[in-house]
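Report on the following structure.
Note that the chains take the letters A, B, C, D, E, F, G and H in the order they are written out, and that residue 1 is the start of every chain.
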Amino acid sequence: MSKIAIIMGSKSDLETMQETADVLKEFGVEYQMRGLSAHRTPKEVVEYALSAKDNGIKVIIAGAGGAAALAGVIAAHTTLPVIGVPIETKSLKGMDSLLSTVQMPDDIPVACMAIGKPGAKNAGLLALEILAISDNGIQKKLERYKKDLVKKVKEIRL
Amino acid sequence: MSKIAIIMGSKSDLETMQETADVLKEFGVEYQMRGLSAHRTPKEVVEYALSAKDNGIKVIIAGAGGAAALAGVIAAHTTLPVIGVPIETKSLKGMDSLLSTVQMPDDIPVACMAIGKPGAKNAGLLALEILAISDNGIQKKLERYKKDLVKKVKEIRL
Amino acid sequence: MSKIAIIMGSKSDLETMQETADVLKEFGVEYQMRGLSAHRTPKEVVEYALSAKDNGIKVIIAGAGGAAALAGVIAAHTTLPVIGVPIETKSLKGMDSLLSTVQMPDDIPVACMAIGKPGAKNAGLLALEILAISDNGIQKKLERYKKDLVKKVKEIRL
Amino acid sequence: MSKIAIIMGSKSDLETMQETADVLKEFGVEYQMRGLSAHRTPKEVVEYALSAKDNGIKVIIAGAGGAAALAGVIAAHTTLPVIGVPIETKSLKGMDSLLSTVQMPDDIPVACMAIGKPGAKNAGLLALEILAISDNGIQKKLERYKKDLVKKVKEIRL
Amino acid sequence: MSKIAIIMGSKSDLETMQETADVLKEFGVEYQMRGLSAHRTPKEVVEYALSAKDNGIKVIIAGAGGAAALAGVIAAHTTLPVIGVPIETKSLKGMDSLLSTVQMPDDIPVACMAIGKPGAKNAGLLALEILAISDNGIQKKLERYKKDLVKKVKEIRL
Amino acid sequence: MSKIAIIMGSKSDLETMQETADVLKEFGVEYQMRGLSAHRTPKEVVEYALSAKDNGIKVIIAGAGGAAALAGVIAAHTTLPVIGVPIETKSLKGMDSLLSTVQMPDDIPVACMAIGKPGAKNAGLLALEILAISDNGIQKKLERYKKDLVKKVKEIRL
Amino acid sequence: MSKIAIIMGSKSDLETMQETADVLKEFGVEYQMRGLSAHRTPKEVVEYALSAKDNGIKVIIAGAGGAAALAGVIAAHTTLPVIGVPIETKSLKGMDSLLSTVQMPDDIPVACMAIGKPGAKNAGLLALEILAISDNGIQKKLERYKKDLVKKVKEIRL
Amino acid sequence: MSKIAIIMGSKSDLETMQETADVLKEFGVEYQMRGLSAHRTPKEVVEYALSAKDNGIKVIIAGAGGAAALAGVIAAHTTLPVIGVPIETKSLKGMDSLLSTVQMPDDIPVACMAIGKPGAKNAGLLALEILAISDNGIQKKLERYKKDLVKKVKEIRL
């Protein structure tokens, strides 16, 4: 059963959000991916958010661009941790997505990531860190993953 | 029966949105004002948006600040014209509210106004212009109002 | 007779504003498109704005970039609803167009859309929503259009 | 007869534009000040711009804030040099006024100054520099004025 | 034993971060608050981050302003979820703090909140949502808290 | 003898500043173009600025990018009107050039144009407008040029 | 004999630049402070920069606001290390000063500090770090100063 | 023995930081280049910073992008002068890197350069200027280098 949900509102977001999926796959953690838009399928978003906890979801990751309401609207309907990924946009390069995702009013937290692919990958890692609090297997893998980061940097041949 | 709805999500928005109410009052057009938040009362927002047309509402005006999802979420649930007023915020001075209100994805239009009180007043006037298309009485008043603007500027004693 | 006017000031705006025309065509609503610039043909702009209502125009949509005065200048001369589309610009990516369009002073409303093509398409849809208040045929089509949005999102194969 | 015109669209701009008037007074050069708004008195603006040259005006200075169309609209109707002063605004601190004044399309030049009072004073000085090209008296005074700037800085007691 | 750590680098951050503490107190969840700076006490930050998990900490919340490295540096040394609160700054109003907190490179997630007090309060709530995944008592309280938000909005007397 | 000087500090500015030269050529007005940099050839800049008036120059146009000090430094050494063209830059797209050119302190006016080529062309036109105050021939050509702008817009085939 | 120069162009910069002086005084290192403006006293700036090295100056610190050319112009005339402090401005809060100071073209380095007082204090400390490379006494004091920073943070009573 | 260290945290920074290396090579000054990341190899960064002075390093240059903590973290652990180069980023074009590098809190100076390659080259030159204070050979070369800048500009054929 999937513990992590990856939501996005437009086909063009998929290239970015694939980074989230890839890191979860790398860790062997199941996820479900859904096309849901706060603006185009608002009812489905509400239903999904309201039933997520009962369906075993522990963390919801939402990617959206421009006037990016998706993560905030999901957070409005659930007490699960919600992670928002601001998608890079054509004109404003994701500054619009970033401010619409991060500047949430008090009482409705959204964990905002960096704009674009680095943010999408980190969304997956943060979800894993959250699960790892009560899952020793993921914890171990995260610790190994962190150690391996050193290698990446050392590969820089100067 | 009210033809114009004024919605806002927080007490602190009232000082701004009163400008909308005042200009509608000046024109003698009925409105209803509601406290509804896309993030704190999401179900009520959806219900309100879905039933607005049947309740005789012709135009919905929504004021919100920060990650301002309110106007967009209402627009997601109705085919009535929706006008968004970006409320000035403490840190980013409404730049966050502006981008979250105006950068709507295609298919879900929101008519965005200027940040703060000038935008709130103009939201009322735009709603009146929309009603005036099929209401000659309002049309007349708008034309007189426009003529009187000249006086305001001429009052500048230099 | 055209009820909707689409105005732009430069050839390079046409690619963007074609989105407005396309959505109106899709709805079978007549429009007229004009090349008029607040800076290069200021007299023609004023004449057009002053006579639009008598010519049967109900809504004016104006696209402009940079120091984008077009929508505001038209709004200065008419009580018809005016919708502004900020065109993306080479250096500042439309942030200049956006602020020049949206930050209107009180008393002169302009309904500002998103930067670029999404904004241009939404300008057409907002004009249709405005007409739909007193035109049941357009209202019906808008409701169907909104329902079909769900399909677009569901097409996301994940 | 006044050779320099100072135009502004709102009472609140006067505090800033008084700087322009003061520096012209200091140089003993006549000016006329007018309340004219591109948005609230658009016809008067056009008439003023069209007749300015015949009325002996050599340089027009226009102060405006927000979606600041005034300088650009005047420049659209005259071949006189037009100087624009972006007035500081409440929310965006004049960044909106600046971009709406400076980002003019090609063919319609506006000489943009700094935001607020320093810009207003410099607008007066630039107008004087322009007149000085064919007016030796003003030229002399400008050279003396420039020399005196040294004193201002030397007064800094450290 | 404290499960949540609140870290900040300067006395002036305390007024903001008190919001985090207050909401945790309201939920009856223990926390520890520490003055630790990535720039002024870098060794202590590293030691704290490295030992946090063994000391029973489940979530670390870090508030910092300007070139806000604190949350990122902590995240570099732990696999615990790290939440960053960008503190409002004097000149740039927290835009600097926001970008330094949110634009993390891939592999090192930081959950960024809104600038200032709303972000600080939400940091506390997000930490609670994370704990609630494996703590039914907190889950219940969060659900009640969410329901009570409706009342706050309804209190708006219009 | 050249009445207009076009100055720039780097080879890469030439593509932009050629627009200034082209419009002056179109009007048959002589100009001189110089490579001079406030940062790389500071002495030559000062000498040029100090001697420009005696050499018959009436208006100086300076193009520079990034920390664009050129126009301001020239203006510091002369009472001739100085026009600044902010060159588009690689990272910040000319926002840096714009602010460094336009935000001059009081007492040292620089007439700032739009970023990039539109600004460069307008710099030439503004210089012509300044000369036209005491040169009827240029005045006539400017009036014809303005009339022809109407044709450019009318060429938009819609 | 002073080894460090503190330069500023306007009386209003003194409040900020006093921070630089204070930290140098605290370290017992002599400095000289001068009122010199790239725009108002350009000749004096050039003379000062050209003779600084021969006068025993090792590091020059320049504070300026708005179109802040001072540090760059000094760097253009000397091979001494130049440190720039962007002064906070009224409208744009120092974003203009920052970009005009930091975005220097290649070949003319300026060491840019943070906007305002923190930057002014750090300018003094950086100058000390530079002198400390060949001055063991200052090196010792800097190391003690760094150790004492820990205390400042520990004073936070939580 | 290397007196200058060039540090960077990611392979993609190398293209930019090569500019630093190239200018040092041109001056015949030895440097060492290391791949070290504040976020991915935090322990190695600390060790490197703590031992740099004993290893004969006089100046440390650090290039980083996004939430660029590298220069600041190094500065936290050493009293050597630290120069920060903000690397251009994909979405925000280095504005994030710039603010994270330059907006350092007081007591921890970082000498910030321009975004990208011009900044990287200037970092090398500033390091040379710092060494030149007590190294006459480098001083001579810097003076010759500065004189040669004049030629670069004169090569502009206009």
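In the analysis below, contacts are C-beta pairs under 8 Å (C-beta built on N, C-alpha and C of every residue); 3 or more make two chains touch, one makes a residue touch a chain.
A quick note: this is a predicted structure, and the numbers were derived from the prediction, not measured.
Engineer: Once you count every C-beta pair in contact for both, which comes out on top, A-H or B-C?
Structural biologist: Looking at contacts between chains, B-C has the larger number.
Engineer: Based only on mean CA positions, could you tell me how far chain F sits from chain G in angstrom?
Structural biologist: Chain centroid spacing, chain F to chain G, equals 33 Å.
Engineer: Which integer distance in Å separates the CA centroid of chain E from that of chain F?
Structural biologist: Taking the average C-alpha coordinate of chain E and of chain F, the gap between them is 51 Å.
Engineer: Cα centroid separation between chain C and chain E, in whole Å?
Structural biologist: Chain centres of chain C and chain E, defined by C-alpha means, are spaced 43 Å apart.
Engineer: Could you please state the distance in Å, as a whole number, between where the Cα atoms of chain D are centred and where those of chain G are centred?
Structural biologist: 35
Engineer: Could you tell me which residues belong to chain B and also touch two or more other chains?
Structural biologist: Residues 9-10, 37, 40, 66-67, 92-93, 95, 102-105, 107-108, 110, 114-115, 118, 149, 152 of chain B touch two or more partner chains.
Engineer: Go through the chains and record each pair that touches.
Structural biologist: Chains touch in the following pairs: A-B, A-C, A-E, A-H, B-C, B-D, B-E, C-D, C-F, D-F, D-G, E-G, E-H, F-G, F-H, G-H.
Engineer: Considering only the defined contacts, which chain A positions touch chain B in the complex?
Structural biologist: 9-10, 37-40, 42-43, 46, 65-69, 72-73, 75-77, 89, 92, 95-96, 99-105, 107-108, 110
Engineer: Can you check the complex and tell me which residues of chain F touch chain C?
Structural biologist: Per the stated touch rule, the residues are 88, 93-95, 114-116, 118, 149-150, 152-156, 158.
Engineer: Can you name the residues of chain D that touch chain B in the complex?
Structural biologist: Residues 8-11, 14, 33-37, 40-41, 44, 66-67, 90-93 of chain D touch chain B in their complex.
Engineer: Would you mind writing out the residues of chain A in touch with chain E in their complex?
Structural biologist: 19, 58-59, 79-81, 83, 98, 102-115, 117-119, 121-123, 125-126, 129-134, 139, 142-143, 145-146, 149, 152
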